[in-house]
Amino acid sequence: MHETLAALAAGDISVATAEARLAGYATGESGRFDAAREARSGLPEAVFAEGKEDEEVVELLDLALETTGRGLATRIDDETAAVVRAGVSEKWPEAETIHDERAGVLRAHTPEYEPPSLDAVVGVVTAGTVDGGPAGEAAVIAREMGATVERYDDVGVAGLHRLLDDLDGIRGADVLVVAAGREGALPTVLAGLVDIPVIALPIASGYGYGGEGEAALSGALQSCTALTTVNIDAGFVAGAQAGLIARVLDGAR
Amino acid sequence: MHETLAALAAGDISVATAEARLAGYATGESGRFDAAREARSGLPEAVFAEGKEDEEVVELLDLALETTGRGLATRIDDETAAVVRAGVSEKWPEAETIHDERAGVLRAHTPEYEPPSLDAVVGVVTAGTVDGGPAGEAAVIAREMGATVERYDDVGVAGLHRLLDDLDGIRGADVLVVAAGREGALPTVLAGLVDIPVIALPIASGYGYGGEGEAALSGALQSCTALTTVNIDAGFVAGAQAGLIARVLDGAR
Amino acid sequence: MHETLAALAAGDISVATAEARLAGYATGESGRFDAAREARSGLPEAVFAEGKEDEEVVELLDLALETTGRGLATRIDDETAAVVRAGVSEKWPEAETIHDERAGVLRAHTPEYEPPSLDAVVGVVTAGTVDGGPAGEAAVIAREMGATVERYDDVGVAGLHRLLDDLDGIRGADVLVVAAGREGALPTVLAGLVDIPVIALPIASGYGYGGEGEAALSGALQSCTALTTVNIDAGFVAGAQAGLIARVLDGAR
Amino acid sequence: MHETLAALAAGDISVATAEARLAGYATGESGRFDAAREARSGLPEAVFAEGKEDEEVVELLDLALETTGRGLATRIDDETAAVVRAGVSEKWPEAETIHDERAGVLRAHTPEYEPPSLDAVVGVVTAGTVDGGPAGEAAVIAREMGATVERYDDVGVAGLHRLLDDLDGIRGADVLVVAAGREGALPTVLAGLVDIPVIALPIASGYGYGGEGEAALSGALQSCTALTTVNIDAGFVAGAQAGLIARVLDGAR
Amino acid sequence: MHETLAALAAGDISVATAEARLAGYATGESGRFDAAREARSGLPEAVFAEGKEDEEVVELLDLALETTGRGLATRIDDETAAVVRAGVSEKWPEAETIHDERAGVLRAHTPEYEPPSLDAVVGVVTAGTVDGGPAGEAAVIAREMGATVERYDDVGVAGLHRLLDDLDGIRGADVLVVAAGREGALPTVLAGLVDIPVIALPIASGYGYGGEGEAALSGALQSCTALTTVNIDAGFVAGAQAGLIARVLDGAR
Amino acid sequence: MHETLAALAAGDISVATAEARLAGYATGESGRFDAAREARSGLPEAVFAEGKEDEEVVELLDLALETTGRGLATRIDDETAAVVRAGVSEKWPEAETIHDERAGVLRAHTPEYEPPSLDAVVGVVTAGTVDGGPAGEAAVIAREMGATVERYDDVGVAGLHRLLDDLDGIRGADVLVVAAGREGALPTVLAGLVDIPVIALPIASGYGYGGEGEAALSGALQSCTALTTVNIDAGFVAGAQAGLIARVLDGAR
Amino acid sequence: MHETLAALAAGDISVATAEARLAGYATGESGRFDAAREARSGLPEAVFAEGKEDEEVVELLDLALETTGRGLATRIDDETAAVVRAGVSEKWPEAETIHDERAGVLRAHTPEYEPPSLDAVVGVVTAGTVDGGPAGEAAVIAREMGATVERYDDVGVAGLHRLLDDLDGIRGADVLVVAAGREGALPTVLAGLVDIPVIALPIASGYGYGGEGEAALSGALQSCTALTTVNIDAGFVAGAQAGLIARVLDGAR
Amino acid sequence: MHETLAALAAGDISVATAEARLAGYATGESGRFDAAREARSGLPEAVFAEGKEDEEVVELLDLALETTGRGLATRIDDETAAVVRAGVSEKWPEAETIHDERAGVLRAHTPEYEPPSLDAVVGVVTAGTVDGGPAGEAAVIAREMGATVERYDDVGVAGLHRLLDDLDGIRGADVLVVAAGREGALPTVLAGLVDIPVIALPIASGYGYGGEGEAALSGALQSCTALTTVNIDAGFVAGAQAGLIARVLDGAR
């Protein structure tokens, strides 16, 4: 504690950083930023942009950059992302900002930020084009946590040969995130063909009964193989869990 | 009409038969038996045994045998079947009665009954042991309608190689009934591999969310391939629809 | 394979066509197009336009035309259809494009495309005006698969005489697609009057409890007659299943 | 009030009767009996037997007989009915007790009881055998309220000719209670053919999705004709509402 | 039939009128109009405007006016109503058109139209301001069927004294339509205080669990008194059922 | 801590009591008993008997008596209660055990136990006989927490006069628990008539749609007055919350 | 009554005020205003703005100010609030109007209005930023009823240390309103740490299964501690119930 | 293949073993046993005993022992287990059979069976006594896959100090299975305190709305931390997924 207070008194760190170090979180107008989350639970704290004002997102990213050197905003649409990016760049002109439109993720890193690197491969698999958004979010998060991410797209079970063509590659991963909407059969079929953990990522596609991802979710929960699942479209959670497995794995290597 | 009445007057047919021919149904204590159903809609009229008293089932089968030469009781448990079988045999000593325990179907035919015969093959496929009941019901009904039925059992997607081993045989059918519980992926996977109509038969297995066949039903309705479905455990309906397709097909040959 | 590669080397076919022939699918920016689907499972591969970008639809139709001579886009709204049509016509000036607004289907055929023709009649029946969209989609798909389609509209059970007036015509079909919303009684009533397979197509009409097609779907699944069903508004699936039955029937004739 | 108190003092009436007249209800160990219900809201107060102890039912019927000369117990199974009947007969040896097994109703009347009589006809229609219980309950209640009840059974829509055969009779009623389970199409079809009020009585039959009466209820609520409905198996309510209409009608004649 | 054909030949009636008289319905571009509905089932045929194109509504009202002298459009918003009204007035300049905004009903009558008149009173009761739309729809329909309609508004149970103040008036009706949203307690409370039939009209108000009318609907179905219900917001159905009761009552007077 | 250890060493307290004082819970074969719960959160720790073995209940009550002088088992059926009572009495012959059958609660107190006493009145109101179980559980718990409990039974809204007769008494309470099943209108009606906090206790009565307490729960959540609710049949929770309010109130007096 | 009429005759009070005093409510174009609600049930009558026209809100607030000196509009968006505020200020230029945007509440007080003051503390706790709207509504209502309100924000269980940091302050309140969305664990965790009544306020955040507040609501109802709940986002109800407890408490002090 | 056939010819292996090696599964009367499952997907093939006949379980375990040296039956009740155990011991007298009653798992190993051993720790945590069954099943399966399993029981959030007491131990695991019923807050609270992957195991406890594990499942899916989940009571799946992570981890060490 002494060290932190000394650094604050010396002007080396900001009040926010000091508070984050001492209390485990930083407080701004738009809420508290859980700066210690990564240290405590291995997950990068991300700003859920949906339903927040543009300024709130900017301020929370600002807190994030100040206290951890990195800022992540998820479920951010193109329009908001442009405004937020500008706002962030104004305050942090030297920070690098990356906007992955499909995944709906905006990332910012200060030049000093040292990204983690894990010796583990997360495979991200999709059944069709429409699964790309949440699957992309999962991929981004796993990468931010330091994992190597490999993508296998458009291998839905309606044309099983596409899946079989990619199977060797898929088997090379340490853990899989498998995104599928509609009836969501892919996670089950794939889990029957590999011997690594599979995390199902049900996608909110489809209409009528069981639509909007409900059939895919219930299919994952009822799977006759063994897999775990996250909620519909919960790309962040799927990627983060895969990242946590990668962390444990990296520690073991 | 004259002919029927003359036969009745001559004692050649019973009152029930005469009524069935003229009115299209026969009336007993336990309800009306739709004797003309097969002529009108191609379906054998079957007695749904669940929730009926033993005597009611016996009486309705009696009406069925008297007016059509055949009696079918579905969703009948072992205990009821034994009692009913005895009751039917008492009235119709020369009739043949067959009880398919797994399928829960009791059948009776008078010696005069001429079973239909259709030049068409209905394939009945199951994912696992637990699907055998409703699948068996479907098979019995399709056979009673005259179709040739072929069975392919235990080919669930958790071990895809079992399905691929049987694929050539399956492709030889004219129409498929595909029974699966839990996440119900089999109808979708199979429909992507064949070019004949697939009727999904969701099975009430599984527990928790989406259990009791709900995930399998919603999976069939959300399938990314093209198939139709019947309700959970509705083996009679699946077999009857397959039988109707076989009838149309037979007419065309 | 040699033949395909030779044709590619000679410039007679495109890379996409070669890939489609060899791998069973073609790959573009917007995903993989399952060009072999019709050969494998009897169904034309259609582009589900809802939720896709205009350019994605154009590109996928382009792949479809290149590899199969035909492109189908379903659930496409008027505005998108206009843009897509223009995009397709630009690349394929000699192709014929047809937009069925009510059915929400856009079709394109190259001059070389030889449409299939099946000796079988699919009857498409609607209860009311509002059922016309998905019923139209079913009709278009069945026709594209080669079946003869006959329409019987506005014969809902609230005025039973309208249905009885059309019954003789309806009975002439080989298989029926019966579209109805609200309480969805028409498929059941009709299936009790004919001896051919009936596919229920529940429509997302009605409000309050059981609205948006839920009552119609549950009515189809609970029908006291024997019929199969597709999901709410799933016109493509209903038409495709009817088309598959027509295919089997045609093979038998 | 003076009159009641005088009669009580003279021993002409019991304390329970006096309380019922003055307070509008009578109080026993098992709860309060709403003796004034019929005067206030036109409905006979009935004892809902399900979930009550045998003695509670006996005591409440005792209160009912003492204060109104009639006792009704609904949803009473055979075993309970036998015990309760004995208990009631012990206290009221001269009372007539009738147990309608199918309807699950036990009735008791003192010799002094004067049943109401209304100049109105309630038609009670069923689709199949299984609908007989709640339909019977409706019939009993409507009769107890004084209406003439006519029954039309087994006229489900799977065999439409049965319904058409009975249509003339049905049209002679003033109000209809129409009981149907499974998909529950009968109330809708019938309401399209008559010009009198139809009360749907959905029945808890059927299995799988929409089973246990849900499809029938949602079908009644979504009906494309105009009808009202009661809850699944709510025979008492359907009969009581029909009885109330009969009362209004009788007042008008 | 001869008479109709003669009138047609003489130009006294239109083709649509002749078809309506002979076939029971008239056919236009936008569907069939069930002109014989009122004669057959006592209900005015109304055009459900929601989801129809403006021209379709105009054409169907045109058919209605031509064959019955009256046109009704329900669930019509203000904008559509203005356009439709203009379109109708253009074709039928002498017809009177009335638009009830709150009720969402547009009515048109030719000068020759003779409105029915029934000797019966329908009471329409609302719990709060928000119930006014569907309650208004019910009132309009009951009036169009000839009943006298009396309104009692804003008598929700949160302030029971308001209800008690109006109770005498309410008891003077022959049948009640009681509209309430949220928890929908009013129909139950009121049915316990009157001895005439009560039709619950649940309103789609409220948010969260049980919102959008679900709690009100389930409350009506579970009511500890005896009442029937229509679907959420189904003002037309409630008013029509009340009108049918009024018709029967009028016939009895 | 020293004091506790000294008492343990001196044999004045048991190991379980010492552990409970130091760790805040006691550990037995059947789980940990949260002996400090009452001190921490004001609630008596009760043993939820449903689904536990008889011996487990006995052991947990034993731990409870040893560490707090009181043992409570809720949702205990008559058969279990008899066995458990005997088991408890064997170990604690001088303890008083009380079994409230209707409420399904078994209580035991050592002679040394000093019951709390709060200067506050909890009113427990029921709509009908069937509500008595959970309402009784609520009453027992509130009394065990020290509150004065007053009961008002059988005042359901179907006969509003019963409620109005008891209103003055009800208004004298400080907080109300109002139990009602079916449509659950009573909490709303009552909350509109009093100015004290109302806790709704929905009861699992009723059948069909909204049955088993769902309509009552959704009615409480949608109430147009202001009240809070507990889950269906959650008598313990309702009584405990009322008890907590009584505690706060007692502290204020 | 005499006094009120005399005041009216003397012009000291308006007709609306006189009616409100005598009848318990005031009647305007837009409905009846329950002016006596606060006296009767302790709750301020508030205008639920959602779904009402601007003028209706203005008129009802006008009635409120005239009869009680205070007007409250809840669930009012910014645009409506601006229009309504202007309308109110025009009629009541001397009244103070306050618009709390986050809470969606508009308040107006005449200079003569004397706000209540209660000697009790309501703690309002939120898990995250998104819970601020309904929590703010609860806080405003509790304050308007006279309670002292203290806020504890952003103490969700994902970072438990934030909660523990604020625990001492939280324990100082008399009653807690605890707002949380997503899985809604905070009310349960907090109720296990305090000994005062906790009212859960589930928030409509989250997506996928259990989203929009359903998981939070079911978590509150299933809580393994003892707490009561209000509906999703029902800030008014939570604040009002807390206010009622504060009233009882104040009376006791 | 040659080797297998030679061994069969030499009588060294059984037909079942030969089939299992060549085809990947063994076929018996009761279905096919997927003997190659562990090699292919890392999971031991277990016999789901629920709903199977005793002899079927015996036969499938027999096949399992013959082809893999180990047999596992899950969700087996005490009575069945006794019968099955006897049946297995009769055929395999030298095999060791272990029945874990709480977990509902029966295990059998031949003396030759060499259990796998993984260098990884799976922590299995429960909130309360009732969670012990599925948690036990998870523990057994993870152990059978070779992981070291550590248990932490009765640490539910109602008494947070119990959890904090065990936190250091819990943090020592590589992956956690966290079982909780009711509102299921424990997985979320725990995942916020550790930096290893958490698999939620929702338990079917609780009654009323959200009961039977639904609230716990939706809480896991909506968790504001990052965790994955299995279906309600799916102990096998949770344990198997933890075991797969342990396998990957072991490979890395």
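Chains: A, B, C, D, E, F, G and H, in written order; residue numbering restarts at 1 for each.
Criterion: a residue touches a chain if its C-beta (ideal position, glycine included) is under 8 Å from a C-beta of that chain, and two chains touch if they have at least 3 such contacts.
Note that the structure is a prediction, hence the values are computed from the model and not measured.
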> Out of curiosity, which chains are bumping into both chain A and chain E?
Replying inline: C, G
> Comparing centres built from CA atoms, which chain ends up most distant from chain D?
Replying inline: A
>> chain E and chain G share one sequence, so how far apart are they rotationally when you fit their Cα atoms? Give it in degrees, rounded to a multiple of 5.
In response: 90
>> Report the inter-centroid distance (CA atoms only) between chain B and chain C in whole Å.
In response: 29
> If you average the CA atoms of chain B and of chain F, how far apart do the two points sit, in angstrom?
Replying inline: 54
> What whole-number Å value describes the gap between the mean CA coordinates of chain B and chain G?
Replying inline: 61
> Considering chain A alone, which of its residues make contact with at least two other chains?
Replying inline: 40, 128, 158-159, 191-193, 208-211, 214, 217, 221-223, 225, 231, 234
> Every pair of chains that touch: which are they?
Replying inline: A-B, A-C, A-G, A-H, B-C, B-D, B-H, C-D, C-E, D-E, D-F, E-F, E-G, F-G, F-H, G-H
> Which residues of chain B touch chain H in the complex?
Replying inline: 128-130, 153-154, 158-159, 161-162, 165, 205, 207-211
> Mind pulling up the chain H residues that touch chain A in the complex?
Replying inline: 40-43, 120, 174-175, 191-197, 199, 217, 221-223, 225-231, 234, 236-238, 240-241, 244-245, 247-249, 252-253
> Which residues of chain B touch chain D in the complex?
Replying inline: 23-25, 27, 30-32, 34, 36-37, 40-41, 51-52, 56, 202, 204, 213-214, 217, 231-234
> In their shared complex, at which residues does chain H touch chain G?
Replying inline: 127-128, 156-160, 182-185, 188-189, 191-193, 206, 208-211, 214-225
